[in-house]
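Residue numbering begins at 1 within each chain, and the chains themselves are lettered A, B, C, D and E in the order written.
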Amino acid sequence: GEDAAGSGTGEAGSDSTYQVGMIGTDSGGNPVRGGTFTMAGFSEPRLLDPAETIVAGSTGGVEMAAVYDVLLRWDSEANKVVPRLAESISANDDFTTWTLTLRDGVKFSDGSPLNAAAVKWSIERYVEKGATEAKLWQASVTKIGTPDERTVVFELADKWPTFDHMLTSGPGMIVAKSADAGGKFKPVGAGPFTFERHAPQEELVLKANDGYWDGRPNLDRIRVVYLNDPHASMESFGSGGVNSVFLRDPDLVDKALADKLPGFLNMVSLGNVAMINAAEGRPGADPRVRQAMHHAINPELIRQRAFQGAGVASNAIFPEFSQWHTDTEPLPYDPEQAKRLLSEAKADGFDGKVSYTDAQDPASRATALAFKSSLEAVGFEVELDLTRTVADQISKVAVKQDYDVAGWGISWREAGPYGRMFATLHSKGNLSAGMPTGKEMDALLDEFRGAETLEQQRAVMAKIQQQWNEDVPALVYGPTPEFLVWAENIHGVVDTTNSMVLLDKAWIEGGGS
Amino acid sequence: MANAALKRLGELVIVLLIVSAGTLALLSLTPTDPAVTVLGEGHSEQEYAQVREELGLNDPLPVRYLDWLSAAVRGDLGASVVPPYSDVAERIGAALPVSIELAVLGLAMALLVSVPLAMWSAYHAGGRVDRLISAGTFGVLSVPSFLAGLLVIMVFSVRLGWFPRTEWVRLSESVADNLYHAFLPALTIALVEAAMFTRILRNDLITTLREDYILSAKAKGMSPVHIMFSDALRPSSFSLITVLGISLGRLIGSTVIVEYLFALPGMGSLVINAANQGDFTMVQGAVLVIALIYVVTNALIDLSYNYLDPRIRRAHV
Amino acid sequence: MSDVASSKPRGRAGRVASFDVAAWLCGGWLVTLVLAAVFAPLLPLGEHADIANTIDSPALARPDLFSEHPLGTNNFGLDLLARVIHGARASLVVSVGAVLIGMVVGGSIGIVAGYFRKLTDSVIGVLTNSLLAVPPLILLIALATVLRPNLRNIAIALSLLALPSMIRMARASTLAFAQRDFVLAAKSMGASRLRVMTRELLPNVILPLASYGMVMVSVLIVAEASLSFLGLGIQQPDPSWGNMIAEGEGDTFAEHPHVVLVPGIALLLTVFSFNLLGEKARKRWDPRVAKL
Amino acid sequence: MTAAAEHRHGRTPVLSVRDLVVEFPAGRSQRVHAVSGVSFDVFEAETLGILGESGCGKSTTGRAAMQLPPPTSGSVRLRGNELTGLRPRALRRERRKLQMILQDPVSSLNPRRRVADLVAEGPRMWGQPPSRERVESVLSSVGLDPATVWRRRPHELSGGQCQRVCIARALLLQPDVLICDEPVSSLDVSVQAQILNLLEDAKHEHGLSMVFIAHDIAVVKNISDRIMVMYLGKTCEVLPSADISASARHPYTRLLLESVPGVEQVEQLTGDAPAQQELPSPLNPPSGCRFRTRCPLATARCAREEPPLRAVGTDHYLACHNVAA
Amino acid sequence: MEPTPAMPTATPPSTRRAPLLVVRDLRTRLRTERGELTAVDGVSFTIAEGETFGIVGESGSGKSVLGRTVMGLHTTGAGTTVTGSVLFDGVDVHAIGSSGRRALWGSRLGMVFQDPMTALNPVKKVGAHLTETVRKHQRLDRAKARARAEELLRLVGIPEPRRRFGQYPHELSGGMRQRVVIAMALANHPKLLIADEPTTALDVTVQKQILDLLADLRTELGMAIVLISHDLGVVAGRTDRVAVMYAGRIVETAPAAELFSRPRHRYTEALLASIPKLADPPHSRLEAIEGAPPDMVAPAPGCAFAPRCRHADATCHELAAEPVAAADSPRHVFACHHPASEGAMR
């Protein structure tokens, strides 16, 4: 029940309202069978393996959800986790033991049963493979018990009232054992669709699974194509070439919202940030330098330069649209303060030189340039280091942590943000990539995990913003919108976490095309 | 004759060896690390180091090259080193037909336009028509291909809506659909090539038209069109054929921009994506195939000189 | 015609070519452009690269000849006129530089191959073919990652594109000229091989190469533009015509066409001029006429 | 072949060529037999004319004497010094004394250089740049006005002027022997006369020995002391030029004489010219006497045996089985 | 028949034959880099049916341009202006349009070019060269055209025509190629054959064969021939009448034998004197014509030969001489103020 909506800041936001959740969907009458649902994906998943691929709508999450389904689903409207492939989930009173009950008779597409052992095997595999949330899982889940065929018991190290969110994404996608048979991974799950073929750089085709526990899906096929350029995807969508497009570019999202296209909108807070490396010897090791940078950056400038005024500019960790937004203000844009802090740091021997690492796509480059101009305006000296490929960027920033400041996405999503918060800001997290961490923040994160109600959680979140203002682990430019739009004649799409949707009940009005 | 063929073959093999070794050396210069592609973010340095070791990236270059070569000569191009670890030969098998079709279609369209245009231009050399055509070709030549592509899309896809912007339909699925979808990208390629071909052919035609045998044919009462096609075209097409061969080879590996704009699964994007991911086996395999196509087309071009000019037949063979 | 008499003393009067408006306009454009580019820092132009100075400038202003930004601004509020002129520096330096490198290196290699023939020729032929057989993109990517993308390095990288054709061309003309009797005549007077190559062949080979180079300059300006599109060219905010045109990626072109049209038209005029003058030069050195 | 056949008694030759053979590879492991055993001597201040139809190896003979390229076999002696097999540097030194005017005057001048450079080039190559006066005087001596042509390039000159530049250039090196390869055949009759007069003068002034190659009998006769007639890489006949019309014996020489479309033949030509057989190819020359395929006198013996060059009169040598001495 | 004004008595009544070609005051100006070049400057002559007419003159004197202008081949080129008229068989070649001329070319009006190698398309087989023209003009089918082409090859004395048919020009010897070129020109029985230096590129022995062949064909086929050459020897004895060209003009026309034995124009005289003669002893000095031919872009007034002429006086430099007929020979016309006295030569 909490109103999970807010409105964007800034003038340009006036023509677009950022309301996390389903937009403009109507039931459309009686479902029709058949047809191929074609979606222009945002980026191509290399493997449909939840343990190897980030489980999110932009990176193949929709495809994987179709193949594996999810144990639990997040319902954006109710802002609640609801059972899906699992029958139910419940926790003990202090939220340290969670019991998952599976449905009877659910089978993988290879015919083997999806039972407690299968869930345990899949989750252990997930952890073993070092997937994105594996570290958190390792730190939190002490034991997975399988008292019977249909029951899985998770014993946690600490109180964690929102643990169920974990099972809406990666760990909740259960991979069949036969997927790993024969050395080369094959996507085998218990979802409504089965893997048909993947022609890299071209298309990925999924076929309806007749044996899906909830009955064969309406669609015959899901076809995902990867069209490089989101503008091309949008054109293709406009001419009916694809039924659906995953959008992440603010200008396109704004346009789609203005056009009132139906779809599922998710706002990823901290989607567009610049991480600051606080390692010894880096400029960011000095908190004053970090704060000075923060004061020097006007998110609105970034929005104008990089996105031609589209999207939301905000340096709050959760901007106004978010349920996590609190009254605690982020540090303001204040060049004078920035200059003061910088001169203090310089007085202590800082040379004022900062390098900025980012990718080379136009938006990143423009962001980098805006960063440069903003910082140089207060007396920094900025050198840009634009990597040619994403792999180079990851290698430099996340693996070698060889950067001062780096354009990045920390990506705290609306539903169950704790996992990402832990990974990116906790000193034990695996994705902090050199950002400053500390006891205070660790304590706050633990407190957040243990908070039971939304009110409590929001109260902790206010403290987290406070701590963020002191630590300045990253410069915040704004959230990233993620908008999966589909054509008017598509109905029955169901939303879930991480901008993913479930397509088992989806159907195409007017039948297959 | 057998000697010459053997020598030629030897040269081809040497070219392929140099190209593949050079590619590996070039790749090893780039900082792109396939281990990062394999693992993604969120892992320890040791884990990356281990993957690098497993991928053999720490072996000395000659060892890596010989390993690769010994497999390649057995026809095994190996598998991609990054997920989804696809078979290199299979991926090339999927991408190559796209590139070949684009290149062939584009070149054919270019020829279809440029030959008559060049003839017209050469016939009126120095006149108004010639200057107009020249201006047009220069104009087209000064448009970078990404801009040409955007313009083509804007006109034919967005404004007129005659052709789809994206999506590739395989030839095996539907020939008509395939051609329908291939038209715009091929047109984009053809634009620039046609301009180039027109220039080249026009210049050579002008040279040929100065020959006495043209005058002689004219004095026999043959019509200008007849003379153009039956007397002037063949001797004038040396440079054109040469460029055609080079273009064909080049287009197969380098239509990245067109492939990008139209989201085509061709060799260009295959190579560049592989390079961007540090997928060296894929790049190696693709470059080898592209180089092979290049050397073979050029050998064919050389053979075609014999047809174009029978005098060479005696001199060279 | 077997006659030598048709090569009557043409005298100096023959040099006065008929007045060609197009050629003069093209020449005029190039001269203006080069002068503007050379003296760009002295001209009263808007900001071309330092975005710290343009935080307050209007972004994406439309061209208005009588405003502060006669050709408009880009998304950083940088003045397009200033960028076109400074971009000309980059584009011309890169393309002319690449052609010159290609001509010097390719020309020498080609002459050596064409003059020595035999093994030398075969080796050079194999190497040239190898260079051509590698997709140029791979080459450029590798170079772009190894070399910092500054003017000199991009010129070097692009010269690789010009190199094989320059070698082939130089080799072909060398083969043709080496058959000519003046080479034999020089040898008969006791010229050494080096002398034959530098004094007899070079001046002859350089002409077709130079006229080809003119055309190549325009090809490379366009190539630099494509490189920028792939992120391998001159780095923003430093302008080159290529990266300026590449700014029109996506919707920008449709919504703010001037961002592309301004550098695009400058590019077109320049490419046109180089081509036309290259053609003109070619014609000058080969003034025969058609018989049809 | 009798080695001493061309000797004139009592004098030593300046240039002496013996058994010169030049072959060119021609693919398919075939060879062009361009010159097959030619010998001749050139004496002090003497002009030897070489006559023969196109492709019979005249130029090749001249060039082989220059070692451009060196002959396949045979010997070339310049004032007693053997030129074949010399090392490049030594050879280059010897070449100064042996100059050649190549067949095509226009193409033997580098089109990119100016007349002044072209003429002075030879000595300059040897590190002895000639004075301007010297170059001017040579130019004047070949009938060119130094002031007007000084800065011109070859394409700004007529064919005749180009030929003069070539001659001036050769003369400036003060060679002992000058080989002129068809110096007038590409020129107009009016210019031809000028050049022939000029060469005659130069010969007297510099005491030159000359080899004069041409295919026009009247021209060769006009300038030469002796004439060597070649056919398909072989010598047919060597004879003094004075009485060539009367004393020529070889059927080929006679055929040439009869074919001359001279003004003096207005009346009637004897026309038993053997009709249109194809000319034999130097790739695969006929056995025995090479002329036999076109010879009205040919017998079976001509196919079997190669006729030796034998003396048939003073300074007159002949290679034919069927013509009586 | 109307006598042409410039050559009032060019065709004497005694040998009157129907005029096949009447050229009147023909001028051809070519646009060059330096300006208008008057390559043919007011040429008039008449050729009767079956006559052989020689045109001689040094290189660059405008012979080829004249030949091509007569054919009408030059009129389409950019920058060429032609004035005067060419009446071939009663039709004005320059007035009938290009398609009209194309119908004429190769059928009734044939041309042989000077260099047999360059006049044949190197990439076209001998057969194609020949069948193309007969198919176009006689509308023969493939087989008939082939038969006709073989017949032609036989006519010009090429043995084994069937084998030659499939060969490329470069596989033939020079003489053979020139025969093919001649066969091409003769394919449709032209009434007039313009042979522009048909033997320049050939050896003396072959040259003789070709000239003999042309002479034979002429009698056999009864056509008129214009034989253009810079070699006086070639024209001598092969033609009925000879015209001497200098700087774009015909300076002297005479029956062949007469021209060579009694030249009247000082240029003709000097030209004949500069040719080495076989009969003269070795080392005899030649009488060269000093100086160079005039610039035809900016011609000086007066006789074009005056600057090189030993006999020239002030009149010659100012005024070009009108053509006049010799007193004793009405067919001998020359344009010289100071003609050589009759019988001066030889």
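The rule is simple: a contact is a pair of C-beta atoms (placed from the backbone, for glycine too) under 8 Å apart; a residue touches a chain by one contact, two chains touch by 3 or more.
Chain-to-protein mapping (UniProt): D, E = Oligopeptide/dipeptide ABC transporter, ATP-binding protein.
Everything numeric here is computed off the predicted structure, so don't read it as measured data.
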Touching both subunit A and subunit B (chains): C
Between subunit B and subunit C, the fewest steps along chains that touch one another: 1
Distance-maximising chain from subunit E - centres being C-alpha averages: A
Whole-Å gap separating subunit A and subunit C, where each centre is the average of the chain's CA atoms: 48
CA centroid of subunit A to CA centroid of subunit E, Å: 91
Approximate Å spacing (C-alpha centroids) for the pair subunit D, subunit E: 32
Where subunit C touches two or more other chains, by residue: 2-5, 8-11, 14, 141, 145, 249, 289-290
Interface hub residues of subunit A, defined as touching at least two other chains: 229, 388
Of all residues in subunit E, the ones touching two or more other chains: 58-59, 115, 230, 292
Subunit B to subunit C touching residues, read off their complex: 11, 14-16, 18-19, 22-23, 26-27, 29-32, 122-123, 125, 131, 134-135, 138-139, 141-147, 150, 154, 203, 206-207, 209-212, 214-215, 218, 224, 227-228, 232, 246, 249-250, 253-254, 256-257, 268, 271-272, 275, 283, 287, 290-291, 294-295, 298
Residue ranges of subunit A in contact with subunit C within the complex: 229, 231, 251, 301, 304-305, 308, 360-362, 365-366, 369-370, 372-374, 376-377, 384, 386, 388
List of subunit C residues in touch with subunit A within their complex: 50-52, 54-55, 59-60, 75-76, 141, 144-145, 231-232, 235-237, 247, 249-252
Complex contact set, residues of subunit C against subunit D: 2-5, 7-11, 14, 180-182, 184-192, 195, 199-200, 203-204, 207
Partner subunit B, residues of subunit E touching it in the complex: 68, 71, 73, 78, 101-107, 110-111, 113, 115, 118-124, 128, 132-133, 136-137, 168, 170-171, 181, 184-185, 187
